[in-house]
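Shared between the two complexes below is chain A, which pairs with chain B and chain C, respectively.
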Partner chain A sequence: MFYRLSGTYHTSYQADRKLWKIPTDRWLVIALLVLALLAPLFVSPLYLGSYVLPWVIWSAAALSLTLLMGLAGQLHFGFAAVMAIGAYASIHLVRAGVPFELALLLSGLISAVIGAIFGGAALRVKGLYLVMATLAMQYLVDWVVVNVPAISGGAHATLRTPAVSFLFLPIESLAARYWLALGWAVLLTVFFMNVKRTSFGRALVAIRDKDFAAAVIGVDPFKTKLMAFFTSSFMGGVTGAILAFCFYRAVTPEQFGFNVSIQLVAMVLVGGLGSVIGSWLGAGFVLLAPIFLTNLVSGLAASGWVPVSQNFLSHLPLMIYGAMIIGFLLLEPLGLAKIYDNIRKYFLVWPFRHARS
Partner chain B sequence: MTFLRKLALTTALVAGLSAPVAAEDVKFGLLQDFTAVYTFVTGQYNQGQQDYLALANAEGLLGEGNSVTAIVRDTGNQPQRGIEAYNRAKEEGAILFDFLSTPVSAAILDQAQADKNIVITPAHGRGDASDGTVFPYVFPMLPTYWAQAANLIEHMKNNGGLEGKKIAIVHIDSPFGREPGPILEALSEQEGFEFQAFPYASPGNEQSAAWSEVRRYRPDYVLIWGAGGGQAVSVRTAIQNGIAPEQIHSVIWLAETDAANVGPQMKGVKRFEATAAGTDLPIIQRIQEKVIAAGKGSGDQANVGNSYYNLGVATMAVAVEAARLGMEGGQPLTGETLKAGFEKISGFDAEGLMPAVTYTAEDHQGGGAGRVSEWDGEKWVPVSEWHAAYPELIRQVIEESAAKYKEGN
Partner chain C sequence: MAYFLELLISGALTGLMYSLVALGFVLIYKSAGVPNLAQGALVMTAGYAVWLVMAWGLNVWIAIPIAAAIMFGFGLVVERLLLRRMVGQPVIMVVMLTLGLEILLRGMVPGILGSAPKPIDLGIGFAPIIIGDVFINRTSLYGGIVALALVGASLLFFRTRTGTKLRAVSDDHVSSWAVGISVERAIGISWGLAGIAAVVAGALWGSSQGVDWTLSALLFPAVAVVILGGVDSVPGVLVGGILVGVLGTVIPGYLDSFAGGSTRDVVTSLIILLTIMVRPFGIFGREDIERI
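== the complex of A and B ==
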């Protein structure tokens, strides 16, 4: 019924290799993209600046992390540190007179190099031990940022981003900042969907599933793992720079603390490991659910529906949020992406029951 | 997207319906961290703020028909949630904000200045925001950490002397912990003492490594610079390492809860205070009478009169006074008139709750006066008079740092 399949034939290899083979999917994506591009016209500044913009940027961050965790199977609990390197590198580069476009690329490269060095641990250890190694990266980067005033910006450890323009578009107005962030997130999304179809993407999956089996069939684990850390850290570094220039516009060490790393891991897990739509849904959920719940509960309290103390009032959204995460993961351990997939499959053959996928 | 907007709209509508209607309803955004890092202070502090606003409304301090409303939200110490809460409260009409969180304040400072909204940063945030010429809409309001350090050092000077003495500064390893550094540096030359810094890792649940170093250093005085649970650990570990409670001097973040956690050995420990503690103050008495007894209190009655509760009361007493002065002459209250109201405040001491403060267009710290108090086993007893220590030095540090901010840091 919806997602109509009848009349859709793939008569060439090219047609069969399309990203969205079903016309409805294609139209949905185009419609969403148009809506997203036009968002500054019809979304109020409050919602654009405090909801949509951070959502877009954190989705890009979740996509960067899920490349490493979902595709390559390498756990990373220090991804906020990778973003911090990108953010600080970009600000210092722009201040040194490097054009913003180039500074974005260079900050990505710097993150990629440092990220790959720490990723070297992955050559020796796996699983929980790798988690420990990446945690060490988080704390080392935190420590260096806080303790080197030349990086963090002196007494109050706040660095404001200088005024910049991207391809002659001044990154000053909310709309301009949003479009730049959206452009980067869309670029990452397209890249991610395509990387799965390349030999590099298949090598990552082989490494994830069993690294010595991958070695037997000719995938070099040494190279592939380092490449995974390099690529993912590059993406994360540029995202950190985008976060600094488009959203915060003043960088402090707390913005890239350990709790942010955990949030990123939560986004990837709640959304669904290694999934594109999961990264978007997961980022939206982890970032925005606490805000919506806080406002909802405060609204109810203001109208006298929940007469409780301020302290309890503040913790109530957290309890609901926690219950929601457990609920979603119990309902569907593969994350929000799988929930969407189930719904889509249901409508694929609706009103009949069984889907072939 | 439309779903999100609808949901949010409903929320806003529900929240909006319940707002009281008045001639002028002044809105303050108290968007604080109730659930993450600042939980040790926020609960009592915010309770004091809300109770004082209730008192102001009960007594009609803002004039006939006018009222003041607090918009209270949790930000969880996360900048992106603070930005959302700020933007929303701004739409609801708030003109004064208190985030009680350094990262959130830092993320919003520039935006609030551009929007001409007041941000008060009592006992948190940037000390150099005291320079009103560079930060026209930011009011640190109470003594900065620099002023606190100077006040404590001066107390040591007046009680035992500083010439040739050794001070150990044991601090949390964060920008906040490093704040007293420049003051100690400047004063050590001037007063002829030596000092050494001993950082411990955040959050400070375990400090024995730092304190065994301190013991080897054999300090005459100890300055502890941390917050929350780490403070009680500092005092306890110091005493275990043979440091007498009388030698310990703390930043403003040491309160009744910490004393209860440390136990009887806490007796003799000193701290800086910006507001008087206890219920034996006219303003607190009136809160008990008109707010608590009337059942309009916003939290646990046992907290009334605590150090952090009184701190919250003081911040709102100053803010309401500024609003009152800003509305004089009948003009509507905006960020700009509220700023003017702040700068009209002169010699205001909230009936003895705090030292007399005077704000000018240049000085948004209000003079930086405070005092030192000592834990006598049951309560905090003041051991010095309200005064500002080394005001010229503090002003110089403020202006130097503000100049750097102006350049872009």
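== the complex of A and C ==
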């Protein structure tokens, strides 16, 4: 009833290969996209700048990471370092006089090369050891950024992003910054939805499922893993640059610390590994749920409903965040994407539940 | 030369104290195959537990066994409620679960008990021991001795009846079930033992730098220790600990003045990276042979 079509009944292979198998899905996404594009008109600048804009950018980051973790199955606990490389590279390139459009691409390439070098560790180890190797990458990159004055501008320095324009649109007003970020996130989303249907995407999935078996059927694990790290780090680097120019506008090394890497992995896991809608939902949930719950509790505390100390309140986001990760892993390991999928499947055949596929 | 010797000794002692933290990690990994990234937070919780029991007015030597009992129970509960449900899940889920636990503990324990550093007085005193020109930190010295004793004790423990069961479980879960060993109980016990190791580490580290959330940051050097020593080897903890401690103290001792400080993290990261590149299973670890 809601989807006008009770289930998916394809009669040709072409229909089955479509990106949107059900027209309603397409219309839903188009409606959402229009809403997102018009958001600067009806969302107050405070909410746009502090909630919607970071959500969009972190969704792009989660999409970049889930290409590596969800599709290729390579764990990465140092993704914030990749984004830091992109952010710092783009700022220094723009300062050196490179046009912003080109600087974005170049910073992505730099992160991709460095990320692929560290990803070379993936060719030897997997699982826990890969986690540790990427963890070491996080600490190394952090240290280099902090301790090389040419990069960070000195210890404890803040680097302001220069004023730039993207395709003659000055990236100055909040709306312009939001549209640029949205454009990049939408680009990544479209790329991600399609990469699953290419030979590269299928090779990644084969590597994830079993790399020896993939090698037997003719997928080169060496090349594919390196490509996965390269692609994902490229996307992450550009996202880092967008994050620096569109959201932070003044960059310090702490913004790309180890905790941020963990937050990214949490976004990917809470959303659901390797899922597009999961990346969007997961980024929004991990970013916003602790804020809203903390505001709720501090509001209750202020009105005297719950007696909690200031110290407790300041640690509350951390608690909620940790409990959220544990809760999702135990109760719904497939993440928000699976919850959405269940709801969608329910309404797909509503009210004829017995017809559920 | 005296400077070098001093760095060497203090590094080795610090390394032995790292191995206290790493011991819990190895105990759990060995039996359950779970990389427990919450071990740092467990040490922090244990430090808070010791402080809390001492705040009731008990002597420190009574407080530590009580805290050990509390943490043993805590380890059992964590295993029963969280990790048992993760059996058969991919490693990323388990890693992330322990990380979630570490974040939760890092928020909850200081959030409830207060985030200002809490002192633990073990009665060791702060005056350094001076031999020739070399100053030795008293807490590190006692910490190193305790670490040696504890690792020795756990080696002996693995020869007892329960220890033999734990070794059997670490070899193969299914065969252990087949000969009538309760794998669940063995894994629970190893979590409890990790809790006890955390109490010792928490008390010693807490007495040297105060108990607050920074104790959970010990996870990173401890990870380097277990990677270097071998993730499933108890003696590897000692060797890895001494190596990580010495390298992480001597190299920064000479380089920090040029490189702008905190080279210790770099050395630790490089140890992890190089070990993984050259010999992923560590010095004493068992090489995994994977079947397709």
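The working rule: the second predicted complex is superposed on the first by the 322 of 357 C-alpha atoms of A that agree within 3 Å, B and C clash if a C-alpha of one lies under 4 Å from a C-alpha of the other, contacts with A are read in each partner's own complex, and residues count from 1 in each chain.
Keep in mind that, in the parts below, a contact is a pair of C-beta atoms (placed from the backbone, for glycine too) under 8 Å apart; a residue touches a chain by one contact, two chains touch by 3 or more.
Treat the numbers as computed from the prediction; the structure is a model and nothing was measured.
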Inset, instruction - May I ask you to decide whether A:Ala133 touches chain B, chain C, both, or neither, giving the answer as first, second, both or neither? - result: second
Inset, instruction - Could you look at A:Ala80 and tell me whether it touches chain B, chain C, both or neither (first, second, both, neither)? - result: neither
Inset, instruction - Quick one: classify A:Leu65 as touching chain B (first), chain C (second), both or neither. - result: neither
Inset, instruction - For A:Ile262, select first, second, both or neither according to whether it touches chain B, chain C, the two together, or no partner. - result: second
Legend entry - Which of chain B and chain C A:Leu318 touches, first, second, both or neither: both
Inset, instruction - Would you sort A:Leu226 into first (chain B), second (chain C), both or neither based on which partner it touches? - result: neither
Inset, instruction - Examine A:Leu287 and indicate which partner it touches, taking first as chain B and second as chain C; both and neither are also allowed. - result: first
Inset, instruction - Show which residues of chain A both chain B and chain C reach, each in its own complex. - result: 143, 146-147, 155, 311, 314-315, 317-318
Legend entry - In the complex, chain A residues that touch chain C: 69, 75, 121, 124-125, 127-129, 131-133, 135-137, 139-140, 142-143, 146-147, 155, 210, 212-213, 262, 265-266, 269, 273, 311-312, 314-326, 329-330, 333
Legend entry - In the complex with chain A, residue positions of chain B that touch it: 1, 4-5, 7-8, 11-12, 14-15, 17-19, 34-36, 43, 46-47, 50, 72-74, 76-81, 83-85, 87-88, 91, 102-103, 106-107, 109-110, 126-128, 173-175, 178-179, 182, 298-300, 401, 404-405, 408-409
Legend entry - Contacting residues of chain A [partner chain B, same complex]: 35, 39, 43, 45-47, 49-52, 54, 95, 143, 146-147, 152-160, 162, 247-250, 252-255, 259, 287-288, 290-292, 294-296, 298-300, 302-304, 309-311, 313-315, 317-318
Inset, instruction - Sort out for me which residues of chain C touch chain A in the complex. - result: 35, 82, 85-86, 89, 91-93, 95-97, 99-108, 110-112, 114-115, 220, 223, 227, 231, 259-263, 265-266, 268-270, 272-273, 276-277, 280, 292
